[in-house]
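A, B, C and D label the chains in the order they appear, each numbered from 1.
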Amino acid sequence: MAHIDLNSDLGESLGQWRMGDDDTMLSIVTSANVACGFHAGDPAGILRTLKAAADNGVAIGAHVAYPDLVGFGRRAMDIASEDLRADVIYQIGALQGLARAAGTRVSYVKPHGALYNTIARDERQARAVIEAMLAVDPSLVLMTLAGTPLTGWAREAGLNTAAEAFADRAYESDGSLVSRREPDAMLHDAEVVAERMLRLVREGVVESREGIDITVAADSICVHGDSPDAVALAQAVRSRLVAAGIELRAFVDGIA
Amino acid sequence: MAHIDLNSDLGESLGQWRMGDDDTMLSIVTSANVACGFHAGDPAGILRTLKAAADNGVAIGAHVAYPDLVGFGRRAMDIASEDLRADVIYQIGALQGLARAAGTRVSYVKPHGALYNTIARDERQARAVIEAMLAVDPSLVLMTLAGTPLTGWAREAGLNTAAEAFADRAYESDGSLVSRREPDAMLHDAEVVAERMLRLVREGVVESREGIDITVAADSICVHGDSPDAVALAQAVRSRLVAAGIELRAFVDGIA
Amino acid sequence: MAHIDLNSDLGESLGQWRMGDDDTMLSIVTSANVACGFHAGDPAGILRTLKAAADNGVAIGAHVAYPDLVGFGRRAMDIASEDLRADVIYQIGALQGLARAAGTRVSYVKPHGALYNTIARDERQARAVIEAMLAVDPSLVLMTLAGTPLTGWAREAGLNTAAEAFADRAYESDGSLVSRREPDAMLHDAEVVAERMLRLVREGVVESREGIDITVAADSICVHGDSPDAVALAQAVRSRLVAAGIELRAFVDGIA
Amino acid sequence: MAHIDLNSDLGESLGQWRMGDDDTMLSIVTSANVACGFHAGDPAGILRTLKAAADNGVAIGAHVAYPDLVGFGRRAMDIASEDLRADVIYQIGALQGLARAAGTRVSYVKPHGALYNTIARDERQARAVIEAMLAVDPSLVLMTLAGTPLTGWAREAGLNTAAEAFADRAYESDGSLVSRREPDAMLHDAEVVAERMLRLVREGVVESREGIDITVAADSICVHGDSPDAVALAQAVRSRLVAAGIELRAFVDGIA
């Protein structure tokens, strides 16, 4: 039976500041990228999200980031390799501790925001993240954007990787994402998106914005939950896949 | 053969700011209370200290604290139990991750500064710290000030505890420490201190400032390394104990 | 003509995290207590709120707080006087700079959260805040809870003070607020609250929860904007006062 | 009579962490670039430095930086213009508040670390800093590295600028600094450095590392105080200049 994973960024509240609807999203997704306190998330809030994820049988990834609360980890930063390596170990370890307290465990790592974009192509910073994962737990899987150099560097170093596609993003014909600076970068029609993702799972293709079918090998589909519209879109993707007989399960279940 | 543990607070530098002489202290002590980033310590600096501790065979404790860099964790804080519990789990987990990367592990927890003083007697906050340790790793030992209610609460909850004495502090006749606000709270004469600590190990007593011998059951002696004088005093204690045939070894070696 | 000031806490978003509806509240209130970055508020967000306040002719107060983002400044903290004094000067100065850039100025200081509660009765910390205000600008007015010792300390030291009442809080017969821990501490019925505030302005009394009329001398009424219900209540208070011919104007307009 | 300004980075301690010897440096320099809390400096420590600067008649500059304590402001950061502009206003305002409390005032702005290097050539970030200065106080002088595009952008926008030379750095023949990555970037011989600076003041030239005399128009000479050797070098520069009859005075005294 065909299967796929749905992942989303969760645990991004901070003290009195709420972000996203973690409880609803945890009934939709099969993998949760949980903030580790550097771009978002305070320990008590992270722990609540981890407990809810454990209750829902959702797999846990460490959503590691640059140290940047005010910029929400979206500012590229020229950080020394030694610092980045230790920052990533620290964040993974902190999340592992909270996960143990919540009765679950950290299975994978998904870099966040500017770190995600930077290490897709910057080998120096990529190697710092890879070394951090190897140092703290070599069985951790690195979630990457399909088709970027990072995947190769991680595999050479001995890490398992998983590739993700983005439900709400348009693709260029070369397989890259349409830049957010362009007006048609984001897809908003839930039915269109759901149908695209069904085709991705069944046929391994998405249509680019120029109308060309392109191959995208994805182990997981990223959906968002930071607005009511985003939650509705995520729910639509899930419903369409389930209705078509696709099994939704955490990608790490196929690896471990 | 008689034996004792020497512990000290390490890993307290922060980025460009240096504090203490960790390399020298790691040749003196048998247990290192390592900062976890809340009152001091950045991940890269903590990792360097952990590697040096591993090279020296020194046991590692998580020196958990209130979130307070500018106040160095010395400001008492009326923090909610849920927040404190999660903050302590987060710090222990982060240090465990860095310790794995350094080839060592976290064996015990020593609360820092205002948290140390508060939970010695404040049951609500004490229980939050105890629950945090049980949730992340029930085999962790809690290091406490000898003779405080905290010890009882921790043992009832199922934790192992270790009691510490302070090499450079004067004692009241009731076994408590002379308040730092009093002029004769601190002892500065290295030879006097070394002789006191030898007597503590051999006879289980220290002389109070009123000249009365009091019983102090200590599993560990705390020495400091934040000034050249402090390092010299720590070295004097070690040398005197070794010369007298006392074995220096981590207190956790006797528990595990 | 009778007049009164309405004040509210604003500028409390942080980067990507939104809090409150500042634009709507700035059409309701006449004084804005603006966060200074220690419990809430990033500089760019604070500046946007200050510009909107300037556009609406709303007076600006520095909503100074303990350094505590995760706890939102609601954790009592045993901070040294020298540190607190400098922290308050720093926050006032930062807000003054942003206010100049927004074409307005800081007229008063309202301590936030745990600092507000602590200095109402703790003379040591109160004096640190008073000295900070005198050092940076002695013409700043201190907004206090009516009837607390702080008012006397501030006036003796040469500061002008303004007393505030709380629209959505029940009062004890001795004039103090009913503790938030009690079930009937908060008032939710907008019409009842609006009528209470009209009576406060006209007669200088509010009815305590035991049904006794008590005298409350208030220069300003605090309303909240952190939920749609809170905004509606604030709007109801304003509308009732305006309908009754009460002039709404910043309390500082009567002082300067 | 020939004259020159000596400037140095001060106020860079943080809570319990000491950095530099501000008291000694304030007897050497005529202008102090004082940290504003984003890369270094807590309010109480900054205030102490400002009071000592006021006592010594030393001019004050705001040493504004990226928000980055652990990286000491040395990490280049891709920050949005709106955020950078507000961050700079916030820092200048905070320092102005503390300066008033210390009986002095902020006369100029010297960006720190990665921000200094970035805005020397990055027009977008440079304009954000320039706009910030214009918004908070257009009479503030911007201190820049001699010969960089920033100087032109600032002057076009209506700011006064001052150019600085570096006492302890080698120069390329094109007037740029030898990169710190090269072995001979730093000059260590106090007598050589003192003689170079005397020639700079008298003749407006320094010798490049290839032995060519190059023109450097400097309003100020930057000296460092972060090590005993650095302090000795700064003292040597001052003594040599004074012995040669050069007047040491703050560059802002010639502008205001």
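Here is the rule we use: contacts are C-beta pairs under 8 Å (C-beta built on N, C-alpha and C of every residue); 3 or more make two chains touch, one makes a residue touch a chain.
What you see is a predicted model, and the numbers here were worked out from it, not measured in a lab.
Trainee: Strictly by the touch rule at the top, which chains does subunit A share as contacts with subunit C?
Mentor: B, D
Trainee: Could you label the subunit B-subunit C interface same or different, taking same to mean over half of its residue numbers are used by both chains?
Mentor: Interface between subunit B and subunit C is built from largely the same residues.
Trainee: By the contact definition above, name the pair with the higher C-beta contact count: A-B or A-D.
Mentor: Comparing A-B with A-D, the pair joined by more C-beta contacts is A-B.
Trainee: For subunit A and subunit B, what's the span in angstrom between their mean Cα positions?
Mentor: Each chain reduced to its C-alpha mean, subunit A and subunit B end up 40 Å apart.
Trainee: Determine the centre-to-centre distance between subunit A and subunit D, using the mean Cα coordinates as centres, and give it in whole Å.
Mentor: Distance between chain centres, rounded to whole Å: 43 Å.
Trainee: Give me the residue numbers in subunit D that touch at least two other chains, ranges are fine.
Mentor: 42, 70-71, 80, 83 - these are the residues of subunit D that touch more than one other chain.
Trainee: Looking at the complex, which residues from subunit D come into contact with subunit C?
Mentor: 37, 42-44, 46-47, 80, 82-83, 85-87, 89-98, 100-101, 132, 135-137
Trainee: Which subunit A residues qualify as touching subunit D in the complex?
Mentor: So the residues of subunit A touching subunit D come out as 67-68, 70-71, 75-80, 83, 114.
Trainee: Would you mind writing out the residues of subunit C in touch with subunit A in their complex?
Mentor: Residue list for subunit C touching subunit A: 13-19, 40, 42, 69-72.
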